[in-house]
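Two complexes come next, and they have one chain in common, chain A, joined by chain B in the first and chain C in the second.
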Partner chain A sequence: MTTRIGFTLLGLAGTSLVALSSSASAASTEYQDIEHGRYLSVVGDCAACHTESDAQPLAGGVSLETPFGTLMAPNITPDAKTGLGDWTFDDFKAAMTEGIGKGGYHLYPAMPYPTYTLMRDEDLRDLWAYLQTVDPVDHEVDANQLPFPFNIRLAMMGWNWLNFEDTDFAPDPDQPDDINRGAYLVEGLGHCGTCHTPRNFMGGEGGDKFSGAVIDNWYAPDITPDAHKGIGGWSEDELVEYLKTGGNRYDFASGPMADEVRHSSQYWTDEDLHAVARYLQSGAGLADDWQAEAAPAALDAENAQVSAGSAIYFDRCAGCHTPDGSGETGMFPQLAGSPVVNGDDPTSLIRVVLAGSRAVATDAKPTAPAMPALGWNLSDDDVANVLTFVRNSWGNAADAVSAEEVAELRATLQDE
Partner chain B sequence: MSKTRDTAKAGGLTRRQLLGSSAALLVGASGTARALSYTDTPEWQPFSNIAATPVDDDADWQFFTPDEAATVEAIVERLIPADDLSVSGKDAGCAVFIDRQLAGLYGDYERRYMHGPFQAGTPQQGDQSPLTPQQRYRLGLASLDDHCRNTQDALFKDLGGEQRDAILAQLESGDIALDDIDSVAFFEIVLQNTMEGFFADPMYGGNRDMVAWKMVGFPGARYDYRDYIERHNEDLAFEPVSIQGRGDWSTPA
Partner chain C sequence: MATKLPRTDAVVVGLGWAGAIIANELVDAGLSVVGVERGPWRDTAKDFNIASVTDELRYAQRQELMLRTAQNTITMRNTPSQTALPMRQWGSFHPGNGTGGAGNHWAGITFRFQPEEFRLRSHLEERYGAGSIPDELSLQDWGTDWNEMEPHYDAFEKLAGTSGRAANLARGRQAGGNPFEGVRSSDYPTPPLKQPYSPTLFADTAREMGYQPFPVPSSLVSETYTNPLGVTMGPCTFCGFCTNYGCANYSKASSITTVLPTLIRKDNFEARTLCEVLRVTTDSDGRRATGIVYVDSAGRQWEQPADIVVIAAFTFENVRLMLTSNIGEAYDPITRRGTTGRNYAYQTANSVQLFFDDKNFNPFIGAGAVGMGIDEFNNDNFDHSGLGFFGGGSTRVTPIGAAPINSRPTPPGTPRWGSQWKRSTVDNYASTMSIGCEASNYASPNNYLSLDPTYRDRLGRPLLRITFDFTDNDLKMAQYVTDKVTEIAKRMNPRQMVAKPRTGPWDGRPYQSSHVVGGFVMGADPSHSSVNKYLQVWDVPNLFVVGASAFPQNPGYNPTGTVGALAFKAADGIVNHYLRRPGEMITT
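And now, the complex of A and B:
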């Protein structure tokens, strides 16, 4: 015991010497700065990737499966040997805003520096101040587990040249403060586009911003103001309710979004959530000529898939989601008019029918209702037909789902 | 190992494992607290369900010998005879249902306490027999044929319908004493299992084409009828649905 305290004191002494020697960029020790930094770490959801075990916050080790191979989020506690203990604020800033680690190596953009680069200096300082207060954990993480040639970090120079713009956040003078605050959160620390914007072949954010994308065999839905398949049909309060409590009458956060709500957005201030909702629903971040696509015409009720699907829906789904697709608020999502149901990509829908799903449990809504798995009971054709029915009933309209899509996802999920 | 048992394992826990682990929890908790408390959300896994595999009607008998199966079919055909209302218990698959049940968890009373002491007990105390369902059928069917050979000079399955009815009535009343098993107890288990097979979901081998459900107007494995509950004295014309679905689920070929 004594020995350990001795080491700790020695360690502290070492840290303060380092801090003194680079006093120009010393981390703040003011409570409000550190607390603000902690809040920013929640908004940015650092823990999503950097906390593997709650017993060792931010000590790294979460595997990130990318299309190019596996990356492991590093230890960002102030441990000198295995964490960021010997980093200065400038090192941290370079990592956050340029994707350059201490000593000049390139980070992989699984670390969202392409969006964090928008962070204001004072926010970076507060975040850094908070990170100094985290318990140092001795935990070695081998971050780069990519296969050749992706394991060559220098390749990221080229990637950055094509996909990364080192800019600071510039508020739009024509927009009110809350929209600008929303933009800062959505585009920067909140990094919504990391999942919700389609990726190009290099894994950089492609065109069609916020139009939805598949990640980890889930569909991160369209979050444009499109009223049919985006969030334009939700009220501002419904969007805030979703982010704050994990669900509204249409939808519960599941999959990767469940983690986001659990660790991050349920703890955002109401002000920040409303700013985010206003920014997203205003479409202020989209291209000037953006407009919602015309909603497709719904398939006919006599369509063979719709007709078979209606029988399956009545027998297997209507008990909870009700025959008219209105569900039960707080327990069974409303399918009629639900944007994710009308979405371009049915991956999440197929997934929850086959494998089931548990909604996120939040402080506000701790129940976490679950959808039962029906993959044992419904064939690929059945799943395709019932989803085609749901996507083309009660005002919904979207492409039919094919049995081949279902079969493919079934095989993928059962291998997971 | 029966199919049923393998399936239960593939779905996660067998019932025995589940009971075992619950018991362990209770024992573990009893030393310190009288109740278990859970925090956080219950654990959840994708694809979690304990799905039963539908029986294969065309497969070989799983428990019965072909002779035993023929006798059981001759019994269930008389317990539920074909008439204006439905096909017979035999054609509804009741013997297949009983065979598959005997080959599964039910057959050896895996879920029951089956160690002694065994005493006669009072009628109110229910079944006190040390025999498992498998043993009851094996002994009962053999004894029944012995009885028929001795009195009719024929096997039960070769008797006419009215003769069979008479023997079944005598078993039920106890007027016939079988050699190796109480005749009333044997009759009761066969009647009980025949009714179960006739009305159970078709996936278990009986109630073919939901024939029993169509007969009584039972709509099957659906969950919610709130929209219909006020519609009294009306034929709602629900086509019954099995756990495995119904014809309307398929698109026309």
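And now, the complex of A and C:
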């Protein structure tokens, strides 16, 4: 299994916090601690990078393709020779919160220590307790396969100086408990910003927080409270539904987000998911002066791309997505008012038209309907025009899509 | 030599409608189940892309979804005195292959049989007298009744999202549905499909003549529907590529659109595809099935031991497996002894084609099960006294779509090729419609299934041999119902009409219907049936054979609704009765 990492060095792990922590900790038994640690490992989706084969859970070996070269996620089972068998809790904590491995070497931030650093001690202890219960597997992994000069781990000192802040999670006393828990989940183990916040040239988080970013030829959309292109127009329940079941009336999780739902967020507690939704939709994590951009004016129906796209839409798309773009809930996403349709970057839209996409299957929504690939009989112009129509109809408004953008992604996907 | 695999609680052969339903019920009851399927794993997302599924050459002409005849076919003859020949290209019927089975390419018409059907012989003798059934018909009761069947029909409709209009609800009657249906515990899960022009015109005329038209019940759903298993379907778009095609819109119910997406996620279920079952294994006295032997796609043979064996393949293969496994006694048409292969029956298809000058039906707007029907000439809904036959048919207009290769209606007398033919197809394409009458086919002692003495499949096993022809009863019935349909057609005032009652002999070349039934029939009397009312094989209590093979005869309705109901009935028998006293025949 190979996990590609686009603009970032950070892994796809998704993580978060806990339901029971403060109230139950006093009474917790060893079993509860370990079970809680197991839950945290799911929230953090450790397996996404550390499990290459289901037969050998957490024994490492998933290769992470980064712009800087290949990294292999290490064996984190308690095997003495090839895993973490000789590590102590303090060694584990240093890795999780400072990016320092046993013996003092620097981890690469493909391991999301810049966000895991927010984890509370009691959660780290439970997670560590759980990892001790995993079957040890003798499996040697050569973690660092980067070319010179990136293979020099000491260079991470400079990266950390510029991109990493070793800090503990500090609840905001002005916010209610659920918002604070949402913050802990989103900013810590869940590390939503890893994909949804634009990166700088070094792979650190750089641009406007949660404003959307391209990763692995998918667009991780804006998850600010912007009602036009973010998640401000979704109800709290719709956002929870998306994370829990893999889809809501606007969208199905696909691409890397499908993996996240499949392995992680469908198993989060409802309480944690609501906390995440409230935190994201409150905008509490954004800059104090954040405000939604004014929505652009829609291109009018006489625009050459819009009118050409309209004909294609009614011929090829309306059967499922319906003539008024309202879709069929649970089967075919609603396009009218859909934030990903109105997003700044059309990468995901172009991609699903060209190559198709399949919704994630979850226990709650096992159907997993698919968008068929249409790239084989729609030209670059056709795709650009129909998307420009969709992005400027039924109240939607967004920049036109160009045939050049389509051609470029088509070439990239064909290389994959 | 087969390699023996670890035992499982139950093995289910075939992952079409019946097998998937039963496997899911058994898995939910806590059993570990292995599903074995002869064909490939089929999946809407992977196999039925909306941009490529509308391919008439690939699916209708070259029959991509059907069983390959090089893998397995049947031999056919009309009478016991003839020598049967193999069918090398599917004509008369279309056996499916792969998960979903024939449910992938069916039309979606989902009738419930009427209450009288389940006690047909008793009913006819009560109404027309003890000696009224002629010797050429071997009609039988099913050993069950409406009250036992109704909950299972209800379960199947809810699984499939069947659209329609109820008439006879337990809480009272309502207008607009089929007045001849048995009393229903609940309404259809989704409302009727919208109707194109040709069924609307037919229904208006029928209503004027005093008949009671109703929307054809359809498992092409009319709106987004999530079934009790949590699987979601999307509304039919009338794309016109339906019968013979897989559905790209998730609208046509089949096991791949209603059951398998959730079943395959369950830990105690495993599907093995491209695995063809060779035989059912039994213990030394043949009174207990011990499992199955199958061959995988690499040609390796495996023995899968199981406590419960469920055979849920297509009619033909259900019967062939019983014959090749020596289960039950093979039927002999001379002595009329034996039950395996007995009471094979088909469907009697009739139609009247109507050519108009002043109508445009837009026939490309269609779906396998959209349409309007009447039931006044069906089954025993009319008095058969003095008519000289029993049975009847479901009369309806169902525009299934009009794809370019096959939909070239021309009136009689038109040349078969050349410029005049081309002109005629252009003139008539949009202005021609047809009224069909899908009529009963009543079992006869000379119609039966057996192993062919000459022809074998690629694995060396004898092919199944069909001996079949239409009886005088069916041919008289066909003429009668076609005359009735012609009266309606005449009233619709076409320029020209062509009545096509079914005539003998049975010809295997043109497509007629895939509604092949019987051969391993259900009943209360082991001397005339192979399985009891729970589809449990007489004298082999841990073996269940499920499907249209259990129909003792075929009424004037499409079979799939009843196949689905029988699957739920068999599952109910296993879970709620058999598991309490395993190894015994169910007696309740």
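Annotations
The rule is simple: the second predicted complex is superposed on the first by the 387 of 416 C-alpha atoms of A that agree within 3 Å, B and C clash if a C-alpha of one lies under 4 Å from a C-alpha of the other, contacts with A are read in each partner's own complex, and residues count from 1 in each chain.
Note that a residue touches a chain if its C-beta (ideal position, glycine included) is under 8 Å from a C-beta of that chain, and two chains touch if they have at least 3 such contacts.
Model, not experiment: these values are computed from the prediction.
Between chain B and chain C, it is B that contacts the larger number of residues in chain A. Residue contacts after overlaying the shared chain place A:Asn377 against chain B and chain C alike. In the superposition on chain A, contact of A:Ala407 is made with neither chain B nor chain C. Within the superposed three-chain model, A:Asp315 lies in touch with chain B and out of touch with chain C [touch as defined at top]. In the superposition on chain A, A:Ile215 contacts neither chain B nor chain C.
When the shared chain is aligned, chain C comes close enough to touch A:Glu328, but chain B does not. Residue contacts after overlaying the shared chain place A:Ala355 against chain B, while chain C stays out of touching range. Look at A:Ala80: by the touch rule set out above, it reaches neither chain B nor chain C. Once the two complexes are overlaid on the shared chain, A:Ala292 sits clear of chain B and of chain C alike. Residue contacts after overlaying the shared chain place A:Gln305 against chain B, while chain C stays out of touching range. On chain A, the patch touched by chain B and the patch touched by chain C overlap at residues 319-320, 356, 358, 361, 366, 368, 370, 372-373, 376-377. By the touch criterion given at the top, residues 316, 319-320, 328-332, 356, 358, 361, 363-370, 372-374, 376-377 of chain A touch chain C in their complex.
Residues of chain A touching chain B in their complex: 304-305, 307-308, 311-312, 314-315, 318-320, 322-323, 354-358, 361, 366, 368, 370, 372-373, 375-377, 381-382, 385, 413-414, 416. The part of chain B that touches chain A in the complex is made up of residues 11, 40-41, 44, 46-49, 51, 221-224, 227, 241, 243-246, 248-252. For chain C in complex with chain A, the touching residues are 44-46, 49-52, 224, 226, 229-235, 237, 239, 248-250, 261-262, 265.
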